[in-house]
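Listed next: structures, encoded as C-alpha cells.
Next, two complexes with subunit A in common: one pairs it with subunit B, the other with subunit C.
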Partner chain A sequence: MAEIRFKNVQHAYPPPKGQKPVYALKEVNQIWEDGGAYALLGPSGCGKTTLLNTISGLLTPSEGEIYFDDQEVTHLPTSDRRIAQVFQFPVVYDTMTVFDNLAFPLRNRGMDETAVKQRVAQIAEMLDLTANLNKRASGLTADGKQKISLGRGLVRSDVNAILFDEPLTVIDPHLKWQLRSKLKELHQQTGVTMIYVTHDQVEALTFADKVVVMYDGAVVQVGTPVELFNRPKHKFVGYFIGSPGMNFLPCKLDRGQPVFHNNLLNTSYPVGNDLSGRTEVGVRPEFVEFTDDGIPVVIDKIEDLGRYQVVTVKHESEVIKMVVDEDQQIPTDNPKIQFNPDMTRIYCDDWLVGGGQNE
Partner chain B sequence: MTIELRDVTFRVGAETHIYETNLVLKPGGFNILLGTTLSGKTTLMRLMAGLEKPTTGEIWTKDRNVTGVAVQKRSVAMVYQAFINYPSFSVYDNIASPLKVAGLSKNAIKEKVHRFADLLKLTPMLNRMPSELSGGQQQRTALARALVKGTELVLLDEPLANLDYKLREELRDDLPKLFADTGATVVYATSEPLEALMLGGHTATLKEGCVVQFGETASIYRKPATLESAEVFSDPPINTAAIEKRGDEAYLGETVSWKLPEKLTFLPDGNYKIGLRPHHLLPEGQGVEVQGIVQIAEISGSDSIIRIDVDDNVWVCETRGIHSYEFGEKARFVFNAGHCMYFGADNRLINIPSSSDQTDITNSGRL
Partner chain C sequence: MNKTLNQKAWWLVAPVLVLVAFNAFIPLMTVVNYAFQETFGNNVFFWEGTTWFEQVLRSDRFHDALVRQLLYTGMILAIEVPLGIGVALTMPRKGPWVSVCLVLMALPLLIPWNVVGAMWNIFALPDIGLLGHTLNSMGIDYNFTRQPVAAWMTTVLMDVWHWTSLVVLLCYAGLSSIPDDYYQAAHIDGASRWAIFRYIQLPKMKRVLTIAILLRFMDSFMIYTEPFVLTGGGPGNTTTFLSIDLVKIALGQFDLGPAAAMSLIYFLVVLLICWVFYTLMMRNEEQ
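And then the complex of A and B:
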C-alpha cells in the first residue's frame, strides 16, 4: 500500500524523423492517495492509458518522476512495483481451474499451500466464485472470467494499487451494473488503491470518489462527480460529463456580467472586466427554463425521451439545449428562456473564470 | 418501400430463432427493432435483407413476394455494428465502391460521393485511409457507402454500439435527418430504449424471438401492451412486482398498500402485477413508501441510478442530481401510486397511469 505521486510527469513518443515530439502526456502533477478509488476519464486518444502505463511501469515517462510513498519508481520495472492490472479482455489460464487461477500469483511467490487455500477461499467468497472453484476457467462466461482477473489482483495482500483498463468492455450490458457494484464493494472491503480507466462517464462517476478528467494529454480537472457536474473547470468537462452536455454561448462582458447577443445574463460568479480572450457563458441544459420574461427563442426540436424532454431552441442562430420535465407543456407563443444565475458560469479561452471556483 | 413479413418463422435445426411473426413496416420511415442481445433483431434483419430464407412464411415488398430472392437482386443496404470498410481504399473509394460496381460514370460517381461525404461531414477526410480515422468517422464512412447506393431499404444493425457515448449522441441527432430526404425505409436495431426514443419513428419490441408489439415509438413507450413490452422498453429495467388486490386496495407484500384507481376496483380480487418506471421511484417526498437495501448508486453526471433490493425484487430509482448511498444501506423510497401501470396475472396491460393518455387500450396495436 502506498501513496502514488506524480511530479511533472510528461511523455512524448519518439517523433518521426525531423518532426517535433508530440506529447501524449502533458505535465501531470497528481497525488493518488493510498486507498482511494480513482477514475481516469477521457475520450480515446486522450492519454489515459499512457498515464496508467507509467504507473504500472509498462512505460517509462520521458520526463518527470513517479514516487510510491518516498521511493522513486520512475525507472523501476513492473515486476518490482507490486501493481496488479485488469485489462479489457479477461486474462485467465483457460486450462486451469478457477482455484488454480486465483492461486497462481501466490504459488509463484512460494506461499505455502495451506495459506494459499485460505486466501483463495477468502477472495472467492468476496467475488461469489466459491461454487465455481473447481470448474475450469474456460467454461465461465465473460463476466466470470473478468472476476478471476480481478481476483488474481486482489489475492495478493501486498499490492500497491490495482489498475483497471476499461474492464467492463466485454461484459453484457445487463450484467455491467452488478460488476460495478461488486467493484465498489471490494474497494470498501479491501481498502486497496484502485485506478479505473474508462471513456464511459457512468462507469467513472459511479466507481470513483475522485474523477481525473483527461483531454488531449493533459489532466483538465480532478474532482468529485458533483464538482464535475456543477463546476466544470474546462469546457471539455462541461461537454463530456452530462447528456446532453453543457451549452456554451459566445458572450461579451459588462461589469463582470455576461452579455449574450445584447441580453444581459446574470451569474452569481461575475468576473473582472479586463479579460482578454474569447469569452463564453456556460450553462447546463438542466438549468435553462422557460419563463415569461427572458431571451426570446425559436423552438427547433422537441425530443420526448420518456423521463424528460430535450428541447433544442435557437436565439440568433445560437443553439441552446434544455432539459424539461416529461409532463411540462412547451410554450408555443413567443417562448422565452432564462438561465439559473447560480449555475451560469463564464469561460475564457476554454477555462472557467470568475468567482466561486473553489466553493 | 413497404416490407411485410407474413407468418415468418426461422429455425436452425431444432432451435427456433424467430417465432411466427407478422409485421408490416412503415414505408419511408424509421422502424426500430428494440430488444436485448439474442432477442432476434439481427436475424429479422437478415431475413428482410434476403441473407437468410425463412423456414416458413413469406416476405413481400410492394406487391412482390421476395421470399428466397437473393440479396444481390434486392434494393438493400446494410450497416453492421463493427465498422466495415475496405482498408486499402481511401474514404473516397470506399464510398464510391458500390457505384463503380453499378457502372456509373466517373462524373456521376464524383457528384454522389461528394454529396454524401458532405452530408456525413467526411469531406475533409476523403483522401485518408480508414485506419487514419476515428471510430465515428469510420462508421460514418460505412454509412455513406450504404446511403450512396440509394437503396429503398436500409438496414442498420446497432450502428452506434461501438462508438463512445458522445459520438453516439451526435450521430443519433444526425441519422433521422440524413434519411429524411432519401425516402428509404430504414430498419434500425438497437438494445437501448433511449436510442429508440431519440430516433422516433416506429418501434417493434422484441423478446426471445417474438415481436411483442409494433407501433409509434412514443406510444409503445407510454402504452406497452404487455409487461414484456414494458420491460423491453425500459433501461434501467422497469420495476415490477406482484400485488394482490383486496377490495379497492393493492397490497405489495403485507405492509405496503395503496388505493387502486377507481377503474380497477371493479376487477375481481386476486393477483395482479405492477410496473413502475425507475424515474417514478423517488428517494424522497410523499407517496407510497417502500424500504430497500441499496446495492449500488450509479451516477451518470446529471442523474443517479440507485439499485435496491425490495423484498425479492431488484428495484431501480432513477433521479435527477447526484445522490450517494453506501452499499448495503437501508433506505426509504417513495412512489406516487398514480404512476403505476397495472397488468393482469397473464402480463397483459390493464391500466396505464392516469397522467398518460387514457384512450382505449384495447387498440394498442398488439400484433
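And then the complex of A and C:
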C-alpha cells in the first residue's frame, strides 16, 4: 500500500527515423492517493495506457520520476514494483487449471504452498470462482477468464495498486455491469488503490471516486464525477462528459460578463475585462431553458429520448443543444431561451477562466 | 415447392474422381495386386496369399532397415525440434532484421533435394571438401565413404541443415501470434524466463509444433534422395533406410512381390505412427 506520485513524467515513443519525437505523455504531475478508486478517462490514443504502463513499469518514461511513497521506482522492473495489472484481453495460462492460474503469481514469488492454498481459496470465494477451481482455465467464458486475470492481481496481498486497462471491452453488456459492481465491491473490501482506464464515461463515472481526464497526452482535469459535470476545466471535458456535450458559444466580454451576439448573458462567475485570446461561453444543455424573455432562437430539431428530449436550436447560425423534460411543451411561437447564470462559465483559449474555479 | 431432381450434377464430380483414381487409387491397387501374387511377366499372375508379407516381416534385412529408419528419424526429430524452437525464440519480433532472418531461414528449403545431397557430398569429401578436408587437417580421421559413424553424422547433419528451417518458420509463426498482453501479464505475475516459455510460449506453439513434427516425421521417414546421393546407402548397408532398401528390392533385384508387400507395410507404419501421435496430441487439447 502506497501513495503513487508522478513528478514531471513525460514519455515519447521512439519516432520513425528523421522525425521529431511525439510526446504521448506531457508533463504529468499527479498524486494517486492510497486506497483511491480512480478512473483514467480519455479518447483512444490520448496516452491513458502509456500512463498506466509507466506505473506498472512495463514502460520507463523518458523523463520525470515516479514515487511509491518515498521510494523512487522510475527505473524499477515490473516484478519488483508490487503492481497488478489487468489487460483489455483476458490473459489466462491455458494449460493450467483455474487454481494454478490464481496461484501462479504467488508461486513465482516463492510462497509456501499451504499459504498459497489458503489465499487462492479466499480470492476464488470473492470472485465466485470456487466451483471452477479445478477446471482448465482455457474452457472458461470471456468474463470468467477476465475474473481470473483480475484474481491474479488480487491474490497478492502486497500490491500497491491494481491497474485496469479497459478490462471490460470484450465482456458481454449484461455481464459488464455485474463485473463493474463486483470491482467496486472488491475495492471496498480490500481497500487497495485501483486505477481504471476507459474511454467510456459511464464506466468511469460509475466506478471511480475520482476521475482523471486525459486529452492529448496531458491530464486536463481531476475531480469527482459531479465536479467534472458542473465545472469542466477544459472544453474537452465539457464535450467528453455528459450526453449531449456542453454548448460552447463564441462571446465577447463586457465588464467581465459574456456577450453572445449582442445578448448580454449573466454568469455568477465574471472575469476581468483584460482577457486576450479566444473567449467562449460554456453551458450544459441541462441548464438551458425556454423562457418568455431571452435569446430568440429557431428550433432546428427535436429528439425524443424517452425520459427527456434533446432540442437543437439555432441563434445566428450558432447551434445550441438543450435537454428538456419529456412532457414539457416546446414553444412554437418565437421561442426564447436563457442560460442558468450559476452554470454558465467562461472559457478562454479552451480553458476555464473567471471565478468559481475552486468552489 | 417441388424440387427438380437432376442427377446430372454428379458429372461435375467426375473430373475429381478420375484424377484421384489415376494418381492414388489405381497405383495403390496395382501395388496391392503385386503384393498378393507372383508374376513372371506377360501379365501372367499366380496367387500367393500372404507369402510376401510373411517373408518381409520375417526378414532381418527389413528389420535392420526399419531400426535404422526409426533411429534416424528419432535423431533428426530430437535435434531439429528443440533447435528449431530455440532459433525461433531468438529471432527478432520487430524491425528490419525480421525479413533478413526469414529469407535466410527459407533458403535451405528452396534447394532441390538431390542438389542438397550433391552439395553435402562435395562439402564432406575427405580430400577436397571443405568440411572433410578441414576435419582431416585438424587431425580428426573423417571419411564418410568408409566410416559408418561419419556417414551417419553427415547424413543427420545434412537433414538438420536442410529442414530445421521448416520447424523454425512454423514456430516463429506460432510465437508471432502471441499478443503482447501475455508477456506483460507474465512480467506482472513475476514469471521467470523459463515459466514464460513453459506456460505461454510452448502452449501457444503446440498446434504448429504438432504440424511441424508430423511433417518432419513423414518426410524423414520416407527420405530417399538426399542419402542416396550422399552415401548411396553405404558404407555397406549402414545408411540404407527403408525407401532406399525398397528401391533396391523393387528396381535392383526386380522382386516385385516382396517390394509391393513392403510398400504396403511401410505405408501402414507411417499411417499408424502419425495417427497415434496426432490422437495423443489432440486428446490433451480436449482435456
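Basically, the second predicted complex is superposed on the first by the 355 of 359 C-alpha atoms of A that agree within 3 Å, B and C clash if a C-alpha of one lies under 4 Å from a C-alpha of the other, contacts with A are read in each partner's own complex, and residues count from 1 in each chain.
In this text, a residue touches a chain if its C-beta (ideal position, glycine included) is under 8 Å from a C-beta of that chain, and two chains touch if they have at least 3 such contacts.
Please read all numbers here as calculations on a predicted model, not as lab measurements.
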| item | value |
| --- | --- |
| Fit-or-clash call for subunit B and subunit C when the two complexes are aligned on subunit A | fit |
| First (subunit B), second (subunit C), both or neither touched by A:149 | second |
| Partner chain(s) touched by A:96 [first = subunit B, second = subunit C, both, neither] | second |
| Subunit B versus subunit C as contact partner of A:251, first or second or both or neither | neither |
| Touching partner for A:243 - first (subunit B), second (subunit C), both, neither | first |
| Touching partner for A:108 - first (subunit B), second (subunit C), both, neither | second |
| Subunit B versus subunit C as contact partner of A:226, first or second or both or neither | first |
| Subunit B versus subunit C, judged by how many residues of subunit A each one touches | B |
| Which of subunit B and subunit C A:83 touches, first, second, both or neither | second |
| Closest Cα approach, subunit C to subunit B, once both complexes are overlaid on chain A (Å) | 10 |
| Contacting residues of subunit B [partner subunit A, same complex] | 36-37, 134-135, 164-166, 169, 191, 193-194, 197-198, 200, 218, 221, 277, 279, 295-302, 305, 307, 318, 320, 322, 327, 355 |
| Of subunit C, residues touching subunit A in the complex | 179, 181-182, 184-185, 187-192, 195, 199-200, 203-204, 287 |
| Subunit A - residues contacting subunit B, complex | 43-45, 172-174, 177, 180-181, 184-185, 188, 199-202, 205-206, 225-226, 228-229, 239-245, 284, 286, 303-307, 323, 327 |
| Complex contact set, residues of subunit A against subunit C | 53, 56, 58, 77-79, 83-85, 87-89, 91, 93-96, 104-105, 108-109, 136, 149, 152-153 |
